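What follows is a short report on a single structure.
Labels run A, B, C, D, E and F following the written order; every chain starts at residue 1.
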Amino acid sequence: MKNMSMQKIAIFPGSFDPFTVGHQDIVLRALSLFDKVIIAIGSNSDKKGFFEIDKRKQWIENTFIDEPKVEVDVYSGLTIEYCKNKNAKYLLRGLRTSSDFEYERAIAQMNKKMDASVESVFLLTSPELTAVSSTIVRDIIRHGGDAKDFLPEAIYNQIL
Amino acid sequence: MKNMSMQKIAIFPGSFDPFTVGHQDIVLRALSLFDKVIIAIGSNSDKKGFFEIDKRKQWIENTFIDEPKVEVDVYSGLTIEYCKNKNAKYLLRGLRTSSDFEYERAIAQMNKKMDASVESVFLLTSPELTAVSSTIVRDIIRHGGDAKDFLPEAIYNQIL
Amino acid sequence: MKNMSMQKIAIFPGSFDPFTVGHQDIVLRALSLFDKVIIAIGSNSDKKGFFEIDKRKQWIENTFIDEPKVEVDVYSGLTIEYCKNKNAKYLLRGLRTSSDFEYERAIAQMNKKMDASVESVFLLTSPELTAVSSTIVRDIIRHGGDAKDFLPEAIYNQIL
Amino acid sequence: MKNMSMQKIAIFPGSFDPFTVGHQDIVLRALSLFDKVIIAIGSNSDKKGFFEIDKRKQWIENTFIDEPKVEVDVYSGLTIEYCKNKNAKYLLRGLRTSSDFEYERAIAQMNKKMDASVESVFLLTSPELTAVSSTIVRDIIRHGGDAKDFLPEAIYNQIL
Amino acid sequence: MKNMSMQKIAIFPGSFDPFTVGHQDIVLRALSLFDKVIIAIGSNSDKKGFFEIDKRKQWIENTFIDEPKVEVDVYSGLTIEYCKNKNAKYLLRGLRTSSDFEYERAIAQMNKKMDASVESVFLLTSPELTAVSSTIVRDIIRHGGDAKDFLPEAIYNQIL
Amino acid sequence: MKNMSMQKIAIFPGSFDPFTVGHQDIVLRALSLFDKVIIAIGSNSDKKGFFEIDKRKQWIENTFIDEPKVEVDVYSGLTIEYCKNKNAKYLLRGLRTSSDFEYERAIAQMNKKMDASVESVFLLTSPELTAVSSTIVRDIIRHGGDAKDFLPEAIYNQIL
């Protein structure tokens, strides 16, 4: 059995408002690389989200109910501090477009400077999911459109 | 005479707050390609614009008063639904920069997934108009600058 | 019947070395917009391609054997001159990535300056085909890989 | 002695909320190029910043207390008008990423159109400072993180 | 002891002509994530490199002489086939700029389509090494400049 | 009179094959910023250009025959070494697109690392000249097209 402190733990941070098939794709593809992936919903006291944090958390838990390596959590404060608390040495991020990339690079480099022991690891979103973003999905739901193709089944069924 | 259902109708959606010479350029260049171009002002109940929607609509109508192929309309809800209602098979978009492009691609691909029969068609903004955006024009007007070069004549005269 | 001079003719220029499913996708989606789409293979005396021009032409013809609106041709010289000769008022281009976009914009703006009457029209490559490029496909074939997913059926069968 | 009207004066505009080591780097590197660099804090009546404008101004003044060529000022209204008032023929801007570039280009071209006599001059942020942005620094401070590496010493000491 | 077939093996492919401090940085940071990293020099019969392949290989071996998890190899043919032969489930890539990203994404998506079991994993080059590329380093060496800052020590000493 | 060693000398390096209206625009706009601008044609023994270096030099000299602050020169070797020889503390570069930017940033950062005393200064190409590149101009000339709009008058008249 592996020693706990040797475990490869990755944090997958985001607002997940809501968690999409794009996010799901990244988590599933990262599972072979890590011993544990913690999906960490950032809670920002200033900015209320579209869906309540408790619901977001429950929906993601339902989506990964059969994946023992996935944990879902809510955090506030700096992501890099949260990594330390969780003994996580990896930050998992999905890359979709080159604008994404520029933004992610800035965040990753600042994090690296604050704690050089945490490494950002990037996977690519599958091509057919590249366009899916929480912002556009919220827009579809707000206007009564059908977001079936863009949400994990467990989430789509509960959002209604 | 062409059958109505065979007409090539394009929707040119936007907030047009205000409609600029860049928008005008795209519409004029698209006219030969379509039988009708509907300039569709998206109305968002949450977000009040800088100029009132009624004014924006009237200004655009004045700009194209001599163009029988141009219609101006206000809509709310999903753009893709609006296309269906109008029997429009094309979404017309102007491309200025590569950031524009990334954003437009995401929107176009989501639309395509929701209704594969609607095709997004892109024209390039003329080089000398590339920098003109509604955001910057609003900023100029707000600070009392002269936006003459950036607005269609019919709009510039009425904004004062 | 439409007057010949009123026909909407689009040129789809490229080296098509080889023509991929990405190119096919753009042509098929452009068909409703134009009366004729001429796939024009640019012949460059300086640079010999990977596949012979005659083969490239024949393969594309086979691909669109049932599409009366599609023509395949070989040309040399400036694309904009070729448009004039063919009485084509539109240049059709597919956009895949934002690097594509920057390059295409430069070409389109230079063309526009040389002949303002020719308009460049852009369609988006389908998400799942975004990564397919002739360069990568050539690389796969050169190394004996299987390019089945990246070539139109009529071409894949003949390349072997 | 140089005639006043011949002086090369550059405006370095921004919200500087707060002024970072990235901004400091640009100003220091620009000093040899100009006779005077005015760091101009844009005051926007609509949008309250994170730090008070007076504090921002005082912090920057402390940072450049030994640089006679640097002035710090607060302005409202259009940047291009402010340049005229200050008899400044140059707008100094730092470039970090290609997204920065697209945005800066739009602003610079609009400014150029409104006053062709003002030239935008760009310097590159040093590689190790590329990721530093006021937005991320505010985020660190808000969450109680240590922003020491990202702020000029004179500012870091006073923010606490 | 881990079962061989369970080992996490990553291929780090490239021409490494020459291997730079940027490449070294990526390999070192990837070591904790994988059980083995194979630095695989692509040999292209058509295109002779600047440095001989044997030298490139030996230099990289010297650089990682104390790292038992690093292997250096030369391969020809498709990278994805090479992964299969080596039983490697991961392709390791460094990301420097957003142009890099677009190119890497195309390659990764084509690879994924040819063998869905191989996952591309991206790490970011450290900010101060972002500008270092083999092309520019070759240019410096060709013109007799000093490339000390851009090459691993073991390579710099031997190139002379 | 200014001391020679205090002079602000900028090098504007390139292959200028040929020098376009875009290059001319950058030089003219840089003149007020520097005491001397040296247009430096890089001579690469490996790669023969389209036009002979002597002609390129003479054409540029003719273009700036009335500008005493402009010098034209040919150099080989590293640009940064050439700057030292000329006692130039500035490298002048034009920025057209965001791809330009990424490339220019890499070059500038490598130069900075090799000689921190040389500063890269960027000006923006005018919007209507953004698309003009030597590559496209060569292509037009090679195919017998009319490049009048893209070349300085003194060059256009002599190329024929």
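We take it that contacts are C-beta pairs under 8 Å (C-beta built on N, C-alpha and C of every residue); 3 or more make two chains touch, one makes a residue touch a chain.
Not measured: the values here are computed from a predicted model.
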Selected pair, out of E-F, A-E or B-F, that shares over half of its residue contact pairs with C-F: E-F
Reference subunit C; chain at largest CA-centroid distance: D
Rounded Å distance, subunit B centre to subunit C centre (Cα mean): 29
Inter-centroid spacing, subunit E versus subunit B (mean Cα positions, whole Å): 47
Interchain centroid distance [CA atoms averaged], subunit D/subunit E, Å: 39
Separation of subunit B from subunit D, taking each centre as the mean of its C-alpha atoms, in whole Å: 35
Multi-partner residues of subunit E (at least 2 other chains): 97-99, 102, 105, 108-109, 127, 130-131
Chains touching one another, given as label pairs in label order: A-B, A-C, A-D, A-E, B-C, B-D, B-F, C-E, C-F, D-E, D-F, E-F
Complex contact set, residues of subunit F against subunit E: 76-78, 80-81, 98-99, 102-103, 105-110, 113-114
Interface residues, subunit D side, partner subunit E - complex: 97-98, 127-128, 130-131
List of subunit E residues in touch with subunit A within their complex: 8, 29, 32-33, 89-90, 95, 98-99, 101-102, 105, 108-109, 112, 119-124, 126-127
Of all residues in subunit F, those that touch subunit C in their complex: 97-99, 130-133, 136, 139-140, 143-146, 149-150
